[in-house]
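Each of the next two complexes has chain A plus one more chain, namely chain B in the first and chain C in the second.
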Partner chain A sequence: MSGGRQIGAIVKKDIIAELRTKEMVVSMFLFVLLIMVAFHYGFGTTTDFSPFAGGLIWIAFLFTSLLGLNRSFVHEKDEGCLEGLLLSPVDRPNIFFGKMIGNFIFLTIVEIIAVPLYLVMLNLSIRGSVPMFILAIVLSNIGICVVGTLLSTISINTKMRDMLLPLIYLPISSPILICAVTSTNGIMGGVTGEKFAPVISAMKILAAYDIMFLLVAYALYDFVIGE
Partner chain B sequence: MSPEVEVKNLSKVFGKRKVLDDISFELERGGFLSLFGPNGAGKTTLIKIISTLIAPSSGEVRLSGMDPTKNSAAIRAKIGLISHSPLLYLDLSAEENLHFYGAMYGVENVDARIDELLDQVELGHRRYDLVRTFSKGMTQRLAIARALLHKPSVLFLDEPHTGLDPHAVDILESLIDSIRKNHTFIMITHNIDRGISLCSKAMILYNGQIVFYQDKNELDIDKFKSIYHQRVRGDS
Partner chain C sequence: MKKAITILLGIGSVLLLTGIAYAFLVAPIAVDPNTGKEVFHQKILYFHVPVAETSLVSFILAAVFGALFLYKRERKYDFLSLAAVELGFMYGLLVEMTGMMWDKAAWGVWWQWEPRLTTYLILMLMYSGYFVMRSSIGEDSTKARFGAVYAIIAAVNVPLTFFAIRLIPSIHPILFDSSGAGLEGPLLVAFLVSMFGMTFFYVSLLLTRYQMFGVSEELDILKNQIGG
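Then we have the complex of A and B:
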């Protein structure tokens, strides 16, 4: 039985359901828009945001991702669908990869719309390499979705899942936040030469973090989604 | 011939509570076990253990001679579950739900199989409609199609008649009749007449223990009813 076919079916199913309900992407986008407006008016319209541009972006994206991650297993719990999925002969890590890819796609769609709006509303620009900026966002998104999908699986079976996920997700994702802020700040500020070394280091740490948690999820998911 | 389902000295403990206590039974290929018992007796836990959803605390389970701890995926490919929860995605259409489960089970010629099943459960005309728009009976009929999609050899029926209209009950029972010879069934039910008429073996679970277990051809119906009324209904 093809693992790729199973992962693809889970991703397709999540995308079709989201296209019908639009509850995840729309709520995430409205939330990120609200944060932008709060930053814009909260700090004053004449503030130069460029020294802390990365921090502002990732505070917004990290909390936005929580909204999506909290919802990602709700469809599975509805009408016992998670039990139906677990009854099928699918390898448990394939469920993880399917859900993780779906979360990655939804978060990325929100960011594709939100980043240009951010740049316009906060009067920011990307002075460094745009491909490096995109790479930093992709690496950070992978980390957020890997950790988030793993932890939302744990929290879905608890009574206080809406509260539990932020409590366990935010501390564990703090290395992602630090590296994402460091890399995007450096790239948006257009740093070069020796000052670019911390950006490269942060992106290497992000990549290592992503790989490490992908392996952890692959090894532990059977246990995590079980009893 | 080895039994299709074999359970030996099975126990399950959740925290300090013993939900199943030293359960042993065998069910031959093509057999039909009707499982009775009050809520909390351990019936659903027993099915979940046999279907590999949860692990036993002690004891052994074999399905087609396979050990769930070593062959869980192979066992899951052989089983189907019809329960009072439909296990269907409300925001997908009937056809999309069956396509999704077809991919999960690796069903070959899935389109032809979906056509066949939707005709059998009389939902061909609603194949493109969202499950969210279905009545309870229609949803349950689609759940029957989902459970049979991969042609399982063992079917678990967990109170399958709950919430069904008489038409859906007829469809379910005619489907059971049509596949009866080639399949093994374990059905949880509170309906004595229906359970006894369908079964080849009857069992009553009470507080995680078997308090009654007999072949239908040896069934002492008075003893069965006496135990059922004492333990399940609490009659003195």
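Then we have the complex of A and C:
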């Protein structure tokens, strides 16, 4: 099997498993909703959320992604599926790319439903360009899934298992949070001219982050997944 | 190696103390170019900056030793990598502490969310994860493998965090910019002496810690030989 087909097979397996149980997408979606309600009460009588719109969205998505990332490997480990994958003639980095793309798809599905909901329920609007907004989300999602998949493979092989993931994932993903918030805040606020420069730099850093960690994951996944 | 450590420690301590003594006794008190007032708290720089730079170097070394471990699979590289993370972490704590003192003296508050100290805070949290991760792994070989991988991931993340945080405007004084060093004459001498001192001091600590791992491993082997 070629590399592309190996990755495709793993993604397909994850999608079929998810379609049968629906537990990952549903629980992630409910979690996003719950965080939104928590924000409403957390900010008291505030009705204008627009100055920190990006922050709200990305805090919610980052924590939601944790839920899915943990799930994606707990499954494999508990059912002994990981051993099966390792024994099958699939290149190790392809296992990584397969799992990562699966996580990316699930997170994106949740976001496609959650973003409009956040916009409506918290009275937010996108004043800048919508394609830029989508690009910022996609770039951040790639980063979240690359680092998340890599680190959840590590955490699942320790005694603390899913307890460990937030401790190592949140600090490592902090550049994503900063850049995602900066760019989406700028785009949602509709800034132009000189004030738009940080948005562009943030997106550049996001792109650099994605590329660097894709390379790191490609080089190191062999050592992570077990020997 | 013991002799080398003692020599390095000696040179380091002497240089470091000389640098700091020189800064306090000989070098004039720096003058703020904006207000024209003397700023005594600037003197923390002769300690704060060498400590900060050593800790960054230490994290880079940890990643390099980690990569060497993954490549060569020799225990000594894992020991060196772990020692470098531990020392980098301790130095990082010192950076935070001295930075906070400076904040208090210059701005009147212990903590400002300004980019450099925040970067260090994130770094500290990142490497705390390293220790938690290592301690929750049973097997030594897995510990070393994951430790090396994590040290590399964290080191790759350092420059990215550095740039990301700079998107938010800073009020931290910039010491070295493209126009050269912001220190002149005796101030620069004091700074460089303490910088070299700190480097020697650091290397001696790193080697000592490395030796300690070797000794404790030997001890474990001996314990196993006599039945536990």
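Convention: the second predicted complex is superposed on the first by the 222 of 227 C-alpha atoms of A that agree within 3 Å, B and C clash if a C-alpha of one lies under 4 Å from a C-alpha of the other, contacts with A are read in each partner's own complex, and residues count from 1 in each chain.
We adopt the following convention: contacts are C-beta pairs under 8 Å (C-beta built on N, C-alpha and C of every residue); 3 or more make two chains touch, one makes a residue touch a chain.
Everything quoted here is computed from the prediction, not taken from an experiment.
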| query | In the superposed arrangement, which partner chain does A:Ser2 touch: chain B (first), chain C (second), both, or neither? | reply | first
| query | Looking at the overlay, does A:Thr46 come into contact with chain B only (first), chain C only (second), both, or neither? | reply | neither
| request: Examine A:Gly80 and indicate which partner it touches, taking first as chain B and second as chain C; both and neither are also allowed. | output: first
| task | Figure out whether A:Pro89 sits in contact with chain B (first) or chain C (second), or with both, or with neither. | result | first
| task | Jot down the residues of chain A that show up as touching in both complexes, chain B in one and chain C in the other. | result | 227
| Residue ranges of chain C in contact with chain A within the complex | 70, 122, 125-126, 128-130, 132-133, 136-138, 142, 145-146, 148-150, 152-154, 156-157, 160-161, 163-165, 167-168
| said: Help me check something: in the complex, which residues belonging to chain B touch chain A? | reply: 51, 53-55, 73-74, 76-77, 79, 81, 83, 85-92, 96, 99-101, 103-106, 130, 146
| request: Please give the residue numbers of chain A that touch chain B in the complex, ascending. | output: 1-2, 5-6, 8-9, 12-13, 16-17, 20-21, 75, 78-81, 83-91, 226-227
| said: Give the list of chain A residues in touch with chain C in this complex. | reply: 147, 150-151, 154-155, 157-160, 164, 167-168, 170-172, 174-175, 178-179, 182, 198, 201-202, 205, 208-209, 212-213, 216, 220, 223-224, 227
